[in-house]
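Each of the two complexes below includes subunit A, the first together with subunit B, the second together with subunit C.
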Partner chain A sequence: MRAKINMYLFEHAVNSLFRQKFKTLFVVLVLSTLIFLLTSVFFISNSIKHELQSTVDALPEIIVQKLGGGRHYDIETSSVDEILEITGVSSATERVWGYYYFENAGVNFTLVGIDEFEEQYKKSFASAAKELDFSKPTMMLGEGVESVMDKNYYKEYFNFIKHDGTLKRVDIGGVFDTQSELESNDVIVMSKDDAREIFNMSKNMATDIVVKVANEDEIATVASKIKLLYPDVRVITKDDIKISYQNIFDYKSGIFLALFVVSLFTFFIIIYDKLSGLSSEERREIGILKAIGWSVGDVLKEKFYESFIISFFSYMSGVVLALFFVYILKAPLLQNIFTGYSQLKTSFALPFVFDIQTLFLIFFLSVPIYIAATIIPSYRGATLDADEVMR
Partner chain B sequence: MIELKNITKIYEESKENSVTALKNINLTVKDGEVIVLRGASGSGKSTILSLIASLAKPTSGEVVVDGLRVSKLVDSFASAYRRDNIGIIFQKYNLIPSLSVSENIILPLVPLNLHVKEVEAKLESVLEKFHIVHRAYGLVKNLSGGEQQRVAIARANINNPKIILADEPTANLDEKLSLHFIEMLRELKRDGKTIIVATHDPLFFDLDIVDRVLEINHGVLL
Partner chain C sequence: MFIKIIISFSLLFGTLNLGANSFTKSATIKPQLVQKGLQKEWCPVCGMSIEVYYKTSHTSKINNAHERQYCSIRCLAVDMQEYDIKREDVKVVDAATQKLIPAKSALYVVGSDIKGTMSKISKLAFASKESAEDFSIENGGEIVDFKTALVMAQESLGSDIESVQAKKTKQVYPMGEKIFDKRCKKEIDINAYLQINELKAAIKEKNFCGELKEGELQSLSLYLWEVKRFGDLKKIGDVITISKDEKCPICGMFVYKYPKWAAQIFYQDTHFSFDGVKDMMKYYFEHKEGISKMLVTDYYSQKAIDARNAYYVIGSDVYGPMGDELIPFINESEAKTFYMDHKARKIVKFEDIEEKEVYKLDE
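== the complex of A and B ==
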């Protein structure tokens, strides 16, 4: 009984690819590179979107900041009680946070102070609060901070330089769990008292106040009431932050879109070139095969195997390379386009987001199109009279 | 039996540039007959072979082989007809240079998807018959002209066809190799094959194995 797949035909297709090894290698190289570029773009974009969504989800509904001369100043903690009295507000918490420049690595850390018994406005801070030892100066680190400190031999404690030049020793308690690296990578969590000491902030002051609203539809109303109560504050809603994040993301994804278009354009030039016809050598070989008894169907099947092997191998290589490049090598160069490059930022790893739709999209953009571009001219060649080989 | 009935073949590159290759040809070749078609280059010899092999269709008239109207066959049937009935020996051998001798010879069997033992048996048989066993796994491009000729004959015979069509088979061979080719032809005639040789090599005109020598000039059988 015959096997369903004609292994002789398949073997002939493989041999045919090896016979033209330089041409095959060139096509595989170009196709793999294009697929690698496209897939990398999609992987990075998906990861950043995932990070963005996680960050936005973790944002407080309203942030109240005090302004003076257009600049951000510390706010009195007494405002918390007055804000709590506004109808619709379910909680109001003062935040103590700021930036600390770590000269050794040339990066900025975000220091966040929390209280042991207060309701945390972020889930990640709630888990940090559980692990933090509030009886002595201790801190929990984001993964990026931990990595920077480790590289600079700060494994057990770190000495913060205070405003008066004296040192404040804080023990390292560990790394806190988080859902989003983009949001927490450069964060250090410690007690509010320790944070205030480092920032030289008095006990009745805070950096800003975060407000939770029971009904999401009332956020705008509550925001306007706070503004009425304190004319010298800036009230920032979750939507405002979401829009500003989205704007940055959209602008940067435009650069990626350009890269995507260039890759597609190159791919279609190759396809156009293939569709424009067979070489005389290819036409002659088809003629010989037809003369010795191959049908058009046999020729097309053989060409199908050839193009499938090339395009599928290129697809797999491109995708595997992209996985390695994006998630193991952390997408050098490409990631900077999206996340921005700054001496004052700690690096962060792109989270692995497996999106089967992306892989399908890349597959359908590459494999079937390449197969069609091989089959169509072969069909044209195979359906012509094969007597050319006799002349 | 091969019958060409009122065959005219016009190659029409464009209306102004058409070439009439054959004009009203009538020819009957009996089973087991050896026919030599002699004529100058461009006289239409190869076109007759193409039409018998169903590689081209006549502009008018029909080709009938053993009662089968091969000039009317659609591609898939024409391929099967060629595979089962016709073995072609080309002037330039038309081998695939980067394949080995064995790979070239089994090419006509590839679409059949036969069992590996059956393929091996057929291959061994033709390798022995045409004395190329020692070259079975060498690349065709490294063979001499005579050896390439034998590979081409082996390939034409792997399916044991009834009809052998040879197009200028000795054009690229010296006299010694040409004589060797004729010996192989003799063997094929002994096997009862119908052989049509298109050539202008005088070596074929007085051969004892040749039943008829037909002259063709400007597409007309004389």
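== the complex of A and C ==
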């Protein structure tokens, strides 16, 4: 049983760490900070990726928008019937939505109109449709909207200013819960009729049309048929949106990448410094140990324990700190890079995504490399004659 | 005289407000409704509002007594299949004056830019030749007589019904079902009514379902009349379910990874799942005895359908997990659409699938 841990050597390793208090402390500090940074970056980007993915997955397969002069115009609701006739389409729904600028707070709300009995194109709206009272003007608010209105003393209702300057009073029905914060923090859900009234939109018009296709292989065919049917529309498929979301994400994660490269670079400089040689004190220590009868293996074992304890401890504390920072403190400073979709900032509760792969990646980037960086120079020292080392 | 002034005013305002394409099929004056009772607002065939589609409205007499008013010539054509309707009795709304005139003497502008009511091609009637010509200059279309227009309506009836039906199954019935479940008292006796417009009038009058908008009322009535009356929505709405350990007995691949292509054969006490119709057919030719049920996945809706009643397309540019496939469809028209879209070789029914041909797909 050679693999058994030699408790004497282990004890010596611990004692040796405590003997060099400041050096140990310094190494732990630097190593933990690096691991903490790396892990936080990975945690945040994983969470955001997850959030974007769930947003994209909830999207309809095809969105049809009418264009005129390159700008987005309202589309006739009669187009829904014609789109429904296309084989392969499982449902088509007209959407009524837009932005409402609330001057007092300087924020934009996203107003979404839903119909009580139509098929909801988003899961979160289906629950809102159940709770919303369609018999009188009522609305459901996203959490961010609710707090903004509350700050402006709109606790029971809100007055929307219509196109002709008159007011439209809409009661606040409650806050609707959603899976994804990114998309719905600034959303107000109300009936289509109310939304049309606020936007000054006639009854046979809609903002755009969402189309669901049961078989995803057919999305391209259906999209091209819609394009043929209406030459003046823009047909956006799920893949298009996925790509543009991905672009935003990639652009922003470039900043993370820079951070990642810098911290990794720092880490390897430290490693290089260690690898390039032992301090004379360390050489002497190895010499003395050999002189009192330690074998090369014993020395290496002791060094292994020492470096393993220090790097593993730093790794654990770095990861725990990162977990705490990202998921409990909600990543202050770092998350600011990702907000800025609209005036009303999304509150951004990062969903907890535990990614074993990331943890392994960081583990193998730090612990074995540090151990190697300690053991290799020690081996060089230990293979020399004891008197030569001490001389 | 008074009416003329109103019309010229409305025309003037129309052109001023909305530009050239201001024509609307709804009544701009008080519509003439010839049917009796509360149901007079709606067409007895399809249940749509006559006021909204007033300018394409037709009336007829059945059994020389009951007057019926339709939303369009399409519903008249449907009703003519069922009842003996004399052409002399048919009246139509003049799209210019909005008055009822005998259809026999009316001139129809067909195929104009105005959208048809329940039909792809609109057929609008005019009493005078001048107004018909004026209309066709502005909106296109050619001028024909009633006989021709009716023949056109009858000829396109099949395809018109099909396209309206697509909308109904995809959108109207599910919406109607939701309204019925959420709002209605369940005591509505659908069989007590002879026509959809009677049902509609009763729902509105007796307040079975609370306040409803016209569109909601129409969806609800259509659902009750065309679906609920014959039992509930057909439960073919299920997809094929496959457990994670099922392998295709032909190729040995896990089937759950390819839900889009799943097919199943059920025997008395066991069943097999396949990752495509091709493999299912190979198995079927070897083990034909004792089959209780065969299911395939409809390409467009991704729902489970009966394999024996499905249509199969061979030689398209769409490939399954095992390459060239027989792709199943619930009906022939969808199979044809796919055949055109994906450059396929041919469409076959289940009993016409030959063993030789199935194996040829692997070459």
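To be clear about the criterion, the second predicted complex is superposed on the first by the 330 of 391 C-alpha atoms of A that agree within 3 Å, B and C clash if a C-alpha of one lies under 4 Å from a C-alpha of the other, contacts with A are read in each partner's own complex, and residues count from 1 in each chain.
Criterion: a contact is a pair of C-beta atoms (placed from the backbone, for glycine too) under 8 Å apart; a residue touches a chain by one contact, two chains touch by 3 or more.
Predicted, not measured: the structure shown is a model, and the values here were computed from it.
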Which of subunit B and subunit C A:D387 touches, first, second, both or neither: first
Report for A:D298: first if it touches subunit B alone, second if subunit C alone, otherwise both or neither. first
Applying the touch criterion given at the start, work out whether A:I288 contacts subunit B, subunit C, both or neither, answering first, second, both or neither. first
Thinking of the overlay built on chain A, is A:H12 touched by subunit B (first), by subunit C (second), by both, or by neither? first
With both complexes overlaid on chain A, does A:R71 touch subunit B (first), subunit C (second), both or neither? neither
As a test of reading the superposition: which chain, subunit B or subunit C, is in touch with more residues of subunit A? B
Under the definition above, what is the set of subunit B residues touching subunit A in their complex? 46-47, 49-50, 53, 55-57, 75-76, 78-80, 82-84, 86, 88, 90, 94, 96, 98-99, 103, 106-111, 113-114, 119, 155-156, 159, 167
Which positions of subunit C touch subunit A when the two form their complex? 115, 163, 166-167, 170-171, 174-175, 178-179, 182, 211, 216, 219, 260, 299-303, 318, 333-334, 337-338, 341-342
Spell out the residues on subunit A that touch subunit C in their complex, using ranges where they run on. 78, 80-81, 84-85, 87-92, 116-119, 135, 214-215, 217-218, 221
Please name which positions on subunit A make contact with subunit B in the complex. 2-3, 6-9, 12, 15, 19, 284-285, 288-298, 383, 385-387, 389-391
